[in-house]
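Shared between the two complexes below is subunit A, which has subunit B as its partner in the first and subunit C in the second.
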Partner chain A sequence: MLLFCLKRVSLGVLIVVLAVSTLYVMLLSAPGDPVSMMLGPRSTPEMVAALNARLGLDQPFFVQIWLFLKGALTGDLGQDIKTGRDVFTSIMEQLPHTLRLVCAALLIAAGLGIPLGCYSALHPNSWVDRLSGIISVSVIAMPSLILAIYGMILFSVQLRWLPAIGAGDKGDFLDQLHHLILPAVAVGIGWVGYLARLVRAAMLEVMAEDYILNARAYGLPERWVVYRYALRLAVAPTITVLGIGVGFMLGGAVFAEIIFARPGIGKMMFDGVVARNYPITMGVVLVSTILMVATVTLSDIINAMIDPRLRKAQE
Partner chain B sequence: MNTQVITPITFKGRLRHHATAAIATLSIAAFAALSPISTAFADTLRMYTPSDPASLDPAFFGTTTDVYLMNNTMPRLQTMALGDEWKLVNDVAETVDLSDPANITFKLKEGLQWANGYGELTAEDVKYSFERHKDPELGSYIAGEFDALIEVELTGKYSGIIRLDSPSVPMWQLTIAWTGGVIVSKKEAMENGGKLPLPPKATLNAYTFAEFAPGERIVLKADPNWRGETPDFDEVVMIPVSDTNAAEIAFSAGELDFLPTTASTTEQLRKQWGDEATITQLPTIDFTWLGINAQHPNLTDPKLRRAIQLAIDFETLVDVTYEGMEVDRATGFAAPGVVGHREANLYGHDPEAARALIQEAGLEGQTVEIQVANYGLRSTQAQLIQAYLSAVGLNAEINAMDEATYWDLSAFPTTDRQITLKTWFGNPEVMYALSTFTEAGFDGWNWEGYASEEYDALMAQAYETPDPVERGAIYVKMQDMLEEAGTHSFVLNGPNTIVTRKGIVPGHWPDGRPVFHAFKKVE
Partner chain C sequence: MTLENTSSVRPDSPIVRSPNNLSVGFGRLLSDPMGVFGLILVSTLVFMSVFAGIIAPYDPAAIDVLQRFETPSWDHLLGTDELGRDVFSRALYGGQTALKVAFMATFAALAIGTFLGITAAYGPKWLDNIIVIMLDTIRAYPVIILALAVGPIFGASLTLVIGILVFTSVPYYGRIVRTAALSVLQTEYIDAEHAMGAGTFRVTFKHVLPNIIGPMLIMASMDIPVVIAAEAGLSFLGVGIKPPDTSWGLMLDQGYRFINRTPWLVIAAGIPLVIATLGFTFLGEALRDAFDPKSQRAR
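Up next, the complex of A and B:
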């Protein structure tokens, strides 16, 4: 198991370095100069050159990438081009908000999707199964952006049940939870449908296995048969999908943070790309990539713990 | 195999079912009870702002939020008056003598205290605030605006003379009485290595900073040492919202009280909010113009440039893209009420004359490129311009770019630019724009490739003309020259729309920039 974990972690580190380097090259290759934007029409070529030198933007791109990666090892992600603030500090201020949003979305997705999928599998072709199938496909197909905006209009404007923007008052857990509902639903609702269909299919397959029939024949309680034997195997592909889903939810967090005016690294990255604020963009890319890789690696490890066959195959 | 499971109905099962339903109902009721409440008559003014502040140090400011915050927390010698007219009034200055534009004498009001124990405002702070922009170590983004400054000579604890190496009337309007002229506390700046921290503690205006949570909000509290009338609102909360539509929804949800928004949605907002809000359309001093690069190989022929000017019906362009609003075509960089305002453009819409010029020049089918940033109404306007140019025999292509790429055109040689549609933030002193169009700017911000010795001479003359009527006449001539050269066609000055919740009367500059201490609650 230890060897399996070490292999996974090493691969993860390599993926992070490659992904970050590739994205840095793409960012530097894109047209747009942050210095000209910052200085505006009253700047002179001398001022532009001086600011470029101060920000290190006059270095060749491979030097910039090397300096960035070297600094990243010590937690130094540079300084925000616009504000001069330390990028690492800025990201650490915003990251908890994004993590909260993604975790809440994940909870909604898994908390609704898995039970729904189980219920549908245990009651195939019932009206609940059919209805959940229709709803699942609908929420998968509907763009989250539309759901977010219409959710705001219905719950914030018309009903005044939920706030439209912001993250809530600091230190007020209930207020922050209140502000989290709509964005988390917007980000996670599509995955409810997806997970429900996935779990349903996996459960149906597993419930048809001979050992399930055997377990029932032994007189084991139905709850044990479903949750201890069938769901344990059926949920394995779900965990893998959830690991990948975190990456998509991080992407979904970008639009949710913009639409709902929530703080977070998604909005930071969007603003950074638009303003060609390279240190901010790369800092967020690094953190997001690490999160994504860590989540996928973790899901692989959990799967290996649940299913020993996977771990033996890898070792 | 049939895997359908029949679950027996048990007491436990019924209990679980009812408990789940009860919890769900209570949860919904609880969240409904936590609904946001409109605070139109509370002590907090909530407004949206497009982004977090970048810097409140006048040497490094860059965003609209920076400008809003500096206007409401930091002092200047003079500032803009509230209301509809662009005129300067004393802020922390007791007197200002502009009669000699090369030697501006000022005297400060006595006893004004910086917030948070940073002492009294003195002329030393003024000296430090202006002279620091000339320090190359600081790297001030607006260093160029202080080129004419020699020094600020102190004549007393509260008085001094701003000495310039040559008369510069626009420097007063453009810099010292505008954002660049914000006075900082020397003590606080020195504590922070010569720069103001974000947010600064030493403020000297109606409001000071109570909280700054990046990405979340900026909270201002009324400064008890404020020298003016006590503000109606003790607290101002500014929420950064990147998307204007989201801000409008938040206003509808009762979470915002004041909303500067895009002018194009004004009519729609009036229908949507009706009696709940006061929607005011205001002119701005921002300017939008069509630039035609005389240095580009496709556009060197003056007949072609004139034809382009004549081909486009700018009045209809403005009417169509600002439907339902009372908006007129601009006549120059200087908006109505600003020194240098022109009464009329030199050239109007004349497609027949445009076709004739193109044929005379032998340029039928000439390809030209319209370069725009693809935000707001730009793409729509570009398509209309394309249609007008096609109608007179030109092959017009549109190159819509994202904003950063678009403004990056200034970093490329002049021959990369053709026909551009630009908006710059305005200033009551139109020299801000006019000074761009010199040969030195060809590979910079002079995208129109315009240069003229006569124009340069007029610019030098304007710098030394304190009388606004005389200076205005010079500016009119300069704008005439730009249009006559076929490099500039003026499109629009503003407009701006501000929305306030019923029960609140906003205080603002003529273009809608909010002045929080002037916001009033009304029954």
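Up next, the complex of A and C:
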């Protein structure tokens, strides 16, 4: 198990390094160079050279990547071009807001999706099963952009039940929670249907296995069979999907943060792009890539803990 | 969403493609009310977008300052925007963009992913490792954040949108094709083919591809609504389609700016996107149920 974890984690680190280097290559191979784009048409060659030197862009390519990664390890992602603030500090200020949003979305997705799928699998073709089937499919591909905008119009503008903008007062937990509802639902609701169907299918498959029959033959209570044996294996694909899902939710969070004017790394990225604030965008890409790889790695490890067969297959 | 663990692709249940099977599948599709509903929405959408030039009551770029922010009426089915342009006509032309992006990106990603997946499955171990790590690396980028990073530098355009969507979708197809191809290659009849002297080319085109292409096409059809939503999202963020071209995402962006003045504009701009995602999702689900016998049994 330890070997498995080590393997997965080192693979994860390799992927982050490769991903960041690839992005660097893409940015450098782009038609216009980022520095003259940042400075605009009125820049002088001296200004371009100075900024190049400040960003380390006058160094050879591999040195640049090395410097960026070395900086990232020590928490140094360079300085904000406009304000001169430390990018790492700014990201760390904004990150909790995004994490809160993504975690709330995950909670909605798992908290509604898993029980719904479980119930549907145990009562196939009941009205709850049919209804959840139709609703699942309807919300599954609904873009969080649309859900955020429509939700805002209905619940904030028309009904005035929920606040439209901001993340709530600092320190006031209930107020923050109040502000979190709409964005979190917009980001997470599509996954409810997705997980419900996934759990339903996995559960039906597991319930047909011989060892479930065996457990029943031993006279174990049905509850025990369902929750201790079947559900345990049926949630495995859910964990994989949620691991990958965090990446999509980060994308959804960009829209939710912009539309609800919430602080967070998505909003920060967007503002950084609009202002051509190159260190900010690089920093956010690095942090979000790490987040994404970390969740995928973590979900693999959790799965290996739940289902030893997966561990065997990979070792 | 294109994920490996969905039941849409099961390497162990390859679809046998025979005309009989095909007609049975379509029969099942037409007897599924959700499938029919999806088919109606999608064909209406495709028809109206393709013939936008004939159907659209107004020029999508025609400005009429006297009729700004009109609510829906018989003259303007979805009202007018801040420049008095007809939202319905713009939505039709936006549909052309959405469909163009969706089909081109999905099929390019499917083709590249299939090529890489089969190469990985068939090639030597080192090549397999390189391809898998490459695919996993690409998959590590959150799509929207990657697009925001590269968008302004390459310059927002239709090509960029398609490029980003292809780039980020390839890993999902590639990994699934690889798994599916590996399981086909492990079967005994492939051993027999090899024993009889069949080459890589013959095995790939005669056996591997026909066995995996059905599930892959179904998976691609379920990916289309995701790609349509992504195009709208990127255009909304300003790293997608640029004016004077029309896109549903651009319309949402305009509408969102005037959300306080008239929420109707952004509501109207969202309607075609809702219809498209619903239609394609329903159709994709029904296609899968109709053509994948295993998932049919599970339902």
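Of note:
Throughout what follows, the second predicted complex is superposed on the first by the 274 of 315 C-alpha atoms of A that agree within 3 Å, B and C clash if a C-alpha of one lies under 4 Å from a C-alpha of the other, contacts with A are read in each partner's own complex, and residues count from 1 in each chain.
We adopt the following convention: contacts are C-beta pairs under 8 Å (C-beta built on N, C-alpha and C of every residue); 3 or more make two chains touch, one makes a residue touch a chain.
Because the structure is a prediction, the values reported are computed rather than measured.
Contacts of A:18 after superposition on the shared chain: subunit C is touched, whereas subunit B is not.
Once the two complexes are laid over each other on the shared chain, residue contacts for A:49 go to neither subunit B nor subunit C. Shared-chain residue A:204: touches subunit B and subunit C both. Of the two partner chains, subunit C is the only one touched by A:241; subunit B is not.
Judged by the touch definition given at the top, the superposed model places A:153 against both subunit B and subunit C. In the superposition on chain A, contact is made by A:259 with both subunit B and subunit C. Of the two partner chains, subunit B is the only one touched by A:82; subunit C is not.
Judged by the touch definition given at the top, the superposed model places A:178 against subunit B, while subunit C stays out of reach. Of the two partner chains, both subunit B and subunit C are touched by A:270.
Once both structures are placed on chain A, subunit A residues 30-32, 34, 37, 149, 152-153, 157, 204, 258-259, 270, 274, 276 are touched by subunit B and, in the other complex, by subunit C. Residues 1, 3-7, 34, 133, 136-146, 148-155, 225-226, 229, 232-233, 236-239, 249, 252, 255-256, 259, 263, 266-267, 270, 273-274, 277-278, 280-282, 285, 295, 298 of subunit C touch subunit A in their complex.
Those residues of subunit A whose C-beta lies close enough to touch subunit C in the complex are 11, 14-16, 18-19, 22-23, 26-27, 30-32, 34, 37, 134, 137-138, 140-143, 145-146, 149-150, 152-153, 157-158, 194, 198, 201, 204-205, 237, 240-241, 244-245, 247-248, 250-251, 254-255, 258-259, 266, 269-270, 273-274, 276, 281-282, 284-285, 288-289, 292-293, 296.
For subunit B in complex with subunit A, the touching residues are 1, 3-5, 7, 28, 31-32, 34-36, 51-55, 60, 62-63, 136, 139, 141-145, 195, 198, 213-217, 239-243, 245-247, 249-250, 252-255, 401-405, 407-408, 410-411, 424, 432, 436, 443-445. Interface residues of subunit A facing subunit B in the complex, by the touch rule stated above, are 30-34, 36-45, 47-48, 50-51, 54, 82-85, 90, 93-94, 97, 122-124, 149, 152-153, 156-157, 159-167, 170, 174-175, 178, 181, 204, 207-208, 212-213, 222, 226, 258-264, 267-268, 270-271, 274-276.
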